[in-house]
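Chain nomenclature is as follows: A, B and C, assigned in order of appearance, with residue numbering initiated at 1 for each chain independently.
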Amino acid sequence: MKRYWKLILLVSFTVLVIGAFYIQTSTATSRLPEFAFETVNGDEKEIEKLTLEASFIQEGIGDSFQLNADGTTYWSEYSYFERILGVNQRPKMERLQKDYRNFMRGKSMTPYHFYEDENLLVYVNLTWDTMNGYQPNDFELDIGILDKVSKEETSFQAPIPVNKNSMIYSMDVEGIHIIDGQLKIISRNYSYDKQSEKDITAYQVYLVDIAAETIQNEAIITAKEDEDSSNQYREVRIVNNKWEDIQQPMEQVVFEEGLIEESVIDEWESTYETIDRELFQYDLATGEKEEIKLPKEISNNAFPYAVNDEIIYFTEDVEGKLKLTSYNIESEELEAKQTIAIPDVTDEQGYMYKIHGDKVYVVPATKNAEQDLPLHIVHLKTGDTLYEGKITMKNPKKQDIDYNLDIHSIELDE
Amino acid sequence: MIEVKDITKKFGRKQVLRGVTFTAAKGEITCLIGINGVGKTTILNAIMALTPINSGQILIDGAKINKKSYEKITFIPDAITMLPQMTIGQSMQFMQDFYESWNQERATELLGFFKLKPEEKISSLSKGNTAKVNLLLGLALDVDYLLMDEPFSGIDIFSREQIAEVFTSHLVEDRGVIITTHEINDIEHLIDQVILLDDGIVVKAFNSEEIRENEGKSVVDVMREVYQQ
Amino acid sequence: MNRYVKLVNFELGRFMKVYIALIGITIISQLAAVIVVSKSYLNNANQAMNVDHMAIETFIEQYGRMSFNDVTNSIFFIGPIALCIVTLLIYSLFIWYRDWFGKNTFIYRLLMLPTARLNVYLAKASAIFLFVLGLVGLQILLLPLERMILQWMVPIDLRWDLSINEMIRNFDRLGIMLPYSIAEFAIHYGIGFMAVIVLFTIIMFERCYRLKGILLGIGYGALALIVFFLPVFVQEFMLYNYFYPEELFMLMLVTGLLVTAGSIWMSNHLLTRKIRV
């Protein structure tokens, strides 16, 4: 045995040291601090479905984490397999992958590429080729339809019809709708009009013939030349707060068209101001457009953040306070006007907010060791503060005198 | 018995062996003779599976060589098969570690016979002593067959005598030995079977004693006949 | 003791002197790194506070506290790691070629051992693997020691203490060497082992067919690479995102094992049938 000392020594040293190291790492408590919601006022039920994506940085070192009512989970606390197997991406997408494993194969992880109702799960994604290395062309819709009841799957590619007079150079699919059993897809098309030699942004609606696997019909919802004059340009967008969500059945789509004026301050800086705007709603079944007349109380700077049934929520930053206005399209009346003061939020700190259902969640975007991180949940109609709390560090240590906590997003489980 | 059956070997485009066939029996010393480059070493390497052959077959006691064969047959190449930084003692230890057929008693006897010191490093040995160590490592194995490649080349006269003495001793008794050489003088009187090789084939194979008795020719005489035609 | 174990021990012995030198260089150089970096930080602090009359808070604000990151970024810290890696890479080739070249013909002896020739091959691979793991173990032991020296040299007000884990995580090269979990460790070093086996197979090709063998070996290496990454190629270029991550992981586990087993099989074939001295 004595002659094998080299082997015995090296093997036992390796096994012992590396083994001990991994036993120690798996049992050692992380030095990263735990954060928690501390309720000041209100019902703790309000934060049950709330998750903040945040990161903690101290002396240039840190890790990102999720904070919810159960506490803090750092990224590094997940096991290797949880991390590579993509645990904790988006719960909504995970549910789809779990329930419709085969259908979900090879599909993008972007929630708004999907539409879901009781009977159908529809996937629409845009594909294209690149000409000359940069110029995209041959746009096609990659469509997949799953009948949730019969489990029948249909998938096909539907080419976007080519128009002789204008050339599409970019496209986004923004709406997937099933109306009376018909698949309608709304896209934003950026194109160059050959006759007028101008860039045009248009919203188109494509009616898909599922049986024939083609686009049966296309219609323009709105089309505007991008540039109005040298310092003014037009912007058009769908008012929707569902970009992080799977698309759900709706009847009306609200659009905002704005005229923006650029004022040049100097070589490096400009300011932009909305000088005119118009909101209209598009009826998916009839294809009719109807202008939404806004009351004077809603200024041009109020941002149409979200549409919830017949209510449009406008948000506006007024001297560091979040001003929220609810406007009812049906009754054409202002429903409520709330101003949410976020106490002690400094300018550079800023704040983040999210409207979900008829509640708004507001939190400062960042904090250091001295600053507070208050969380407010306010009911949009009544203006009542449903919940008021603070994000605090559990058992702070002596060395925790200096750190930064950044909030990246506010997530709400369905 | 070692049976070499019709083996051929090419190195690149050069055909070194063109169908060599011979057998070497246990208890006999077989000598492969031929000028340099005729493929003598290649034959020994092929028997030990140290080089692939292109066709033909080699059998050792009726079976193809396998890992267990190396306890039964050994090869002493013309250079030492141990690391230069090892001592003679360590080399012997290595052999003892790996070979069941290692005979420590015989190894000690050979050590005394060759007057070698176990603590000497291989790298510090003279050419003659290196050859002796090489021989020792092969001879101390209780094997049935022993292959030696040019055991006398480039060695001083006294060492040669000592090595030649080994062949008449009990150390090679009952074994089958295959030796290659291009100079026959030192061992002519020892060998039983002679295989003359030329241009990749066996040109003549004979028993040295028989030819001496029947035709009154020495091995060198036959070589002269064959090679100087 | 079976012959494979004896061979591993023997292979360890053949490299032991160089190996001990590597260990020595690593220890000395990394300890020097701690001392040099700490000293220069302290000199800076001394200059600032005693000569320029800077308050300690201002100094920290300007220069930051000293942490082990400053040490790991030093050339004296990375240098020996790089040296060890390069040396072991070169030795992965040399472990074979040293038996063929030079005055001795040790390869005769290795190939004539009464054991499967694959044992010789696996012993060499195991030796390389053990050398690597031994150095990784050394680094694990050195880290707390080096931290102790730093803490002993730099007063608490001026330093920022890190846990061993943080020391590793903050330095990506150490992070590859010592990943988060034992599972990742097994994967990293499993891939490493596969790479050594593929390299050895390439060497076997060269040793069997010489010049032609180099081409065959390169071809084999390319094939091994393609087979190993086949699931990724399929995922990226043929069936866009078809596989779920866990499926991709399983497939790569399979192709990895396939490449390793295939290489060992191929090497065994070459060693028993095609090798030449």
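Just so it is clear, a contact is a pair of C-beta atoms (placed from the backbone, for glycine too) under 8 Å apart; a residue touches a chain by one contact, two chains touch by 3 or more.
A quick map from chain label to UniProt name: B = ABC transporter ATP-binding protein.
Computed from a prediction, not measured in an experiment: that's the story for all the values here.
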{"item": "Chain with minimal offset from the mean of all protein Cα atoms", "value": "C"}
{"item": "Chain whose mean Cα position lies farthest from chain A", "value": "B"}
{"item": "Interchain centroid distance [CA atoms averaged], chain A/chain B, Å", "value": "82"}
{"item": "Between chain C and chain A, distance of the C-alpha-averaged centres to the nearest whole Å", "value": "42"}
{"item": "Residues within chain C bordering two or more other chains", "value": "6"}
{"item": "Complex contact set, residues of chain A against chain C", "value": "3-4, 6-7, 10-11, 13-14, 16-18, 21-22, 24-26, 28, 31, 59-61, 76, 79-81, 84-86, 97, 101, 105-108, 399"}
{"item": "Residues of chain C that touch chain B when the two form their complex", "value": "3, 6, 10, 14, 102-106, 108-109, 111-117, 208, 272-277"}
{"item": "Complex interface listing, chain B residues touching chain C", "value": "45, 48-52, 67-71, 74-75, 77, 79-84, 94, 97-101, 122"}
{"item": "Chain C - residues contacting chain A, complex", "value": "1, 5-6, 8-9, 12-13, 16, 64-65, 67, 69, 130-131, 133-134, 136-137, 140-141, 160-166, 169-170, 178-185, 187, 239-246, 249"}
